[in-house]
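Below are two complexes that have chain A in common, paired first with chain B and then with chain C.
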Partner chain A sequence: MKIVFLLLVIYVPGFSQTPSGEYLLDKIDQNMSSDSRVFTSKMVIHGRRGSRTVESKTWAIGEEKSFTEYLAPAREKDTKMLKLEDQLWMYSPATDRTIQISGHMLRQSVMGSDLSYEDMMDDKKLQTHYTAAVVGTDTIESRPCWILELQAKTKDVAYEMRKLWVDQQRYLPLRQELYAKSGKLLKRMELSEIVRHGKRWYPMHILFKDMLKDGKGTEFMVDDIEFDVTIPDYRFSKASLRR
Partner chain B sequence: MLSLKLAWRNLIGAGLRTWLNVIVLSISFVVIIWHRGMLDGWHEQARRDTIEWEIGGGQYWQKNYDPYDAFTLVDSHEKLSADIQEGVMSNILTPILISQATIYPQGRIQSVLLKGIDPTQKILNLPAKKLATESYEIPVLMGTRMAESTKLTIGDIVTIRWRDVNGTFDAAEAKIVDLFRTNVPKIDNGQLWIPLDRLRQMMQMPDEATIIVTNPEKKNLPQLSGWTFRDQQYLLSDIDRTIKQKQVGGSIIYIILLFLAMLAIFDTQVLSIFRRQREIGTQIALGMTRGQVIRLFTLEGSMHSILAAAVAAIYGIPLLLLQVKYGITMPENTDEYGMAIAEKIFPVYSLGLVITTTIVIFITATIVSFIPARKISRMKPTDAIRGKIN
Partner chain C sequence: MLKFLVKGILRDHHRSRFPILIVSAGVMLTVLIHCWVSGVLGEMIDTSAAFATGHVKIMSRAYAENEGQIPNDLALSGVGSLVSELNQDYPDMTWVERIKFGGLLDVPDSNGETRSQGPVMGIAVQLFSENSGEVERLNIEKSIVKGRMPRQPGEVLISDQFAEKLDVSPGDQVTLMSSTMYGGMAMQNYIVVGTISFGVVAMDRSAMIMDFTDAQIVLDMTDSAGEILGYFENNIYSDERARRMVAAFNMKYEPDTDEFAPIMLRLGEQNGLDSMLEYISSFIGMFILIFVAAMSIVLWNAALIGGLRRYGEVGLRLAIGENKGHVYSSMLLESVFIGCVGSVIGTVIGLGISYYLQTVGFDISDSLQNVTMMIPSVFRAHVTAQAYYIGFIPGLFSTVLGTALAGIGIYRRNTARLFKELEV
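Take a look at the complex of A and B:
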C-alpha cells in the first residue's frame, strides 16, 4: 500500500509537491476555457480625466465566435461587435452601419482601455500555444501560488512569454504578466473575487494594466456568467448585429 | 493716331479723376501679380522640398502598400532582389521599411510609424547618417514637429512597442540621436526614423522594404517586378491639387479687386458721356462718325489700364523684387497645414504671369469703357450740341 501511494506521489502530478507546467496549464484551461459562455460585465476605464464605465453582455463559443452588445453608457448603448475567428464586425446605432474591421484592428485598444479587442476576446487554450514550467512559489492575498513560466511554442502568439501566479488549491491564475520578446513586461492582470461555478473556479474581477503606460489600468468586472450554455447559431450572424 | 492723341489729352485733362482710377487699378495689378507669384513660389518650393526630402525621382511601392490605409502596412513588405540591391549599392535606389508601433513618452501612449532608412543613403536630404551609431538603445531620428508633439528631445530615452512579422509583441528602449527640421510634414508628423537594418531585425524582415525611393538625378530607372512605380507627377499630385484650389480661391479676390476698379472706370465713363454731350455733338457735327466717337471714348477708358500698368510698375516692381530677395515669413501655425510650407516663401513672378495679367486687365477695362460709350450711337447730334439728355 505504501508503495502504491509513493508511486502516486511521484507519477500523478496532483499528488506531487510541484506539479508539472503542463498539468497546471491543463487545470487552468479547465477553469478558464469553456465550450460556450454568456456573461454580463462592466469595464471601468481609468483615464487621465477620470473614469468611465462600459456595460456589456457577451455570448461566446470556443475561441472563434463572440458577440458583444453594449448596454451602457447611453453613447455606447446598442453598439454590437461580432468576432468570427480573426475578423471583427462592429455595428454602430448612431450611423446604423456595420463595419468590418481587419484582423489588425483586434490589436487596438477597446474604447481607450488597457485592453485590446484581442485581449478581451482571447479565450485561447494556453496549452495549445505555450509550454510551461514551474519556476517558483509566491503568496498573493494569503494564497500560496506556483509561479508558472510560459514560453510560446507557436510563432503567431501575441506574447512570447507569460508568467502566471497559479493558486495552489484552485488552479487559477491570480496574477498574470505578459512579456515582450525582449523580456520587457508589457501587461499585468490581477485576478480576484474568485467564485465557484459548478466544477470550475472563475475570477469575477480582473484588473488590466498596461505596464508601459501611466494610469490605474482598466477593471473588468463580471456581473454574472453562465458556462456551456446553448447559444443559437443566429447569434453569431451579421444579421443579429442590426437586431 | 488722332483718336489716340485726343484720348490721351482728354484722359490727362480729367486730372484727379483719372489718377484716382489709375491708382485703384494699379493696386489691383500689383495685388493680383503678388498673390499669383506667392502661390507659384509656394508651389515651386513645395515640389522641390518634397522631391528632396520625401519622394526623390519617384518611388517603387510594394504592391500591397497604400499610404492612406495603415492596415495595409502589415502585408506591405518584400525582399529586395539582387537587381534592387545593386541599385542601392550604386546610389540609384534607397529602400525604406515602414511599420506601425507604439511609443510611451512620459507614460503616455502614442501610435507612430517606424521608418527604417539606410544611414549611408544620399538620395534624400534626411540626415540619416546621424543614425550610424552603435548603441544598446535603438537610435532614433525625428522631426521637430514630432519632437514637439511627444515632448522629446535629443538624448531622451523612450520605450517603443511593436509587433514583429508574426504578430508577436516586442519592446525596447530608443534614444533620440538627432532632430531634423524640414518643410515636409509628411516625413515628420507621427514618425520615427531608425536604421534600416535595425528595423529589419526588429520586425524579422531581413532584406525587406516597403518602398524604394529613386535618385532624381538618375534616368532610365530599372523595371522592378512585384513593385509599382509611382512617378513624381503621381506623388506630387496632392500638392498640385492644393495649389490649384488656392488659385481658384485667389481668383475670387482678383474678381472683387477688378470689379472695384472697373466700377470706377465705368462710373467715370458714364459721367464723361453725360458731361461731354456738347463735345460729342460737335465732334459728330464736324464730321466724325458715331463709331469714331465711340472708339475715342472706349480708348480713353482702356488707356486707364495702360496708365495703371505704368504706375504699378513704378512702385510694384521694387516692392515685388524686394519680396523675391527677402521672401515672406509665414505665420507659425501654417506648419500644421499638412503640406510643405517653408518658413519663408519666395514669390516667383514669371513674364507670362505679368503679360497675362496686363492683357486681362486691358481687355476688361476696354469692355467696361465700351458699354457706356454705346449710348453715343443713340444720340442725336443736334440735341447733343444743345445739351439735351436722351
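Take a look at the complex of A and C:
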C-alpha cells in the first residue's frame, strides 16, 4: 500500500515537487479558458500625451467566437468587433461600414493600446498550441512561482515563445513574456487582482506593455465577468454588428 | 607663331587625331556625368523638399525623434499661433501645415462589406487654400490621371496604381481606417474623385491625398499638425540662410524642456540628404581626378610616341639654334590647342547626350518597387551653366600635363649627341 502511495506521489504531477509543463498548461487553461464568458472591461491606455479609458463589453464562446461592443468614450461608442475563428470584422457607426481586419493590420494596435488585434483574438488554449517546460522558480508579490517556457508547436500562433511565471498554488500566470521567433521580447503582461470565480482563479487586472513602444503600457481591467453562460448564436453574426 | 603651330597640327593628322579623340571622349564623359549627377541630385532634392522635407521643417521634438514611424500622437499642437508667429518672423517664406498618416483603405461592396483593401500612406495638404501653393508645389493637378481635383471636403485623390489594385474608379466611396492623435480609432468615408501619378515610386504605390482640414477632423487633430514645412521665396533653397534660420529658431525654443516643443530642421538634416550630397560631390571630384590622371598618362604616352616620331624634327630645330625652352613651349602651345579642340568636341557631344537625357529621362521604376524614399521614378540629366565649361578643366589640364611630361626629354638631349644623331 505504501509503495502504491509513493508511486502516486511520484507520477501524479499535482503531488510532485516540480510539476510537468503539460500539467501546468492544463491547470492554467482550466483557470483562463471557458466554454463561454461575458464580461465588461476598461482599458486604460497610458500614452505620452496622457491616459484615456476605453470601456467595452465582450461575449465569447470558446476560442473561436467573440463579439465586443465599445461603450465609451463617445468617439468609439457603438464600435463593434466580431471574431469568428481566424477572421475579424470591425463595424464603425460613423461610417456604417463593416471592415475586415486582415494581414498586417492584425498586428496594429487596437485603439492606440499596447494590444494588437492579434492579441485581442488570442484566446487559444495554451495546451493545444504550445509545449512547455519548467525552467525555474521565482517569487512575484510574495507568491512562489514556477517559470514555464513555452514553445509553439503549431504555426497559427502570434508568439513563437512565451515565458510564464505561474503561481504555485493557484496555477495562474502572474507574469507573461511574449517573444518573437528571433528571441526578441515583444510584450510583457503583469496579471494581478486575482479573484475566485467558482472553481477557477481569474486575474481582474492585466498590465500589457508593448516592449517596442515608449509609454507606461495599457491596463486591462475586468469590471464584471460571468463564465459558462448561454449566448445566443445571433450575437456572433455579421448582422449583429449593425444592430 | 600660333598660326604656324595650328597649321602644323592640322596638316599632320598623326599629331592631332589621337590626342583629340582621347580628350573628346574624356570631356564628353565628364560633361555627361556632371549633367546626369546634377539632374538626379536636383530632382531628388526638389522631390524631397516638395513631398517630405520642405526647405526647413518644424515638428515636435518627440515627433522628430520617431519621424519614420509618422507618430501623429506626438504631433505639434497650437499650430495656428505658431504659423502666425512664423509668418511674422519670416514674412518672405511660405509656411504650410501637413499631416502624414498611415492606415487601411477599404473599398465596400454593395452590402457595405469589404470588397478590397490595402495599406495606405496619406498626405493631408491645404488643397483648398490658394495662398499655400501646395497644389502647384506637389504638381497635383498635372499629376491627375483620371477624374478631377477635390473641390469640397470629403473628396480625395488616390494614386493610380493603388486605384487599379483596389479596383476603384473616380466617384467610388472608400473608407479610411487609421488612428487619431490620441490613439483612438479613426474611420471615415470619402469619395475618390481622381487618381494621380506623381512619378515618385513611394507615393505612387499607395498614396492618398486629402485636404488638411479633413485630416484634422478624422484624426482628431484640431489645431495640430504633424509637420510645418517652410519654403523660400521662388522655391530656391539657400543652405546658408536655412542654417541661420534653424539656429535662431531652435535657440528660441531651447529653454522649453517640453518634448512637444517645436524643433526646426533644414532640408539637408533630413533623410540623410547632407551625407548623400557630400558623398556625391566627393564622388564627382574623385571621378574627375582619376579621369585627369588616366588621360594624362594616355596623352603622355601619345606625346612620347609623337615625340619619337618627331625626334628628327625636334633635333633639327635644336640644331639650327632654336632654344630648348622655345621648342618646349611651342609643344605646350600645341597641346593647349589640341586640348581646346578636344574639349569643344567633347563638350558639344556631352551636352547633346545630356539634353537628350534631360528631355527623355531614364525610367528606373522597375528597380524601385520596394523603395520608400521620395525618389522620382524617372531620372533626368540637367544641363547646367557649369556643364559648358567643366569639361575644359580635365581636357586642357590632361593634354598640357601629358605633353609637359613627354617634353622633358627635350632638355635631356645634349648638342654633341644631337649632331651625331642627325648624321644618321
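Some observations on this one:
Following the convention adopted for this analysis, the second predicted complex is superposed on the first by the 240 of 243 C-alpha atoms of A that agree within 3 Å, B and C clash if a C-alpha of one lies under 4 Å from a C-alpha of the other, contacts with A are read in each partner's own complex, and residues count from 1 in each chain.
What we mean here is this: a residue touches a chain if its C-beta (ideal position, glycine included) is under 8 Å from a C-beta of that chain, and two chains touch if they have at least 3 such contacts.
This one's a predicted model, so the numbers in the text were calculated from it and none came from an experiment.
Once the two complexes are overlaid on the shared chain, A:226 sits clear of chain B and of chain C alike. Of the two partner chains placed around the shared chain by superposition, chain B is the only one that A:181 touches, whereas chain C remains out of contact.
In the superposed model, A:63 makes contact with neither chain B nor chain C. Once the two complexes are overlaid on the shared chain, A:212 sits against chain B while remaining clear of chain C. Judged by the touch definition given at the top, the superposed model places A:29 against neither chain B nor chain C. In the overlay built on the shared chain, the residue A:159 is in contact with chain B alone; chain C does not reach it. Of the two partner chains, neither chain B nor chain C is touched by A:78.
Look at A:111: by the touch rule set out above, it reaches chain C but stays clear of chain B.
Taking chain B and chain C in turn and counting the residues of chain A each one touches, the greater count comes from C. Chain A residues in contact with chain B (one complex) as well as with chain C (other complex) are 102, 104-105. Within the complex, the chain A residues that touch chain B are 102, 104-105, 107, 152, 155-160, 178, 180-182, 184, 186, 210, 212-215. Partner chain A is touched in their complex by these residues of chain C: 62, 73-74, 104, 106, 108, 112-114, 117, 119, 175, 177, 179-185, 187-189, 220, 259-260.
Of all residues in chain B, those touching chain A in their complex are 71, 74, 104, 106-109, 159, 161, 163-164, 166-172.
Chain A makes touch with chain C in their complex at residues 45, 47-50, 52, 54, 73, 75-76, 79, 90, 92, 94-102, 104-105, 109, 111-113, 238.
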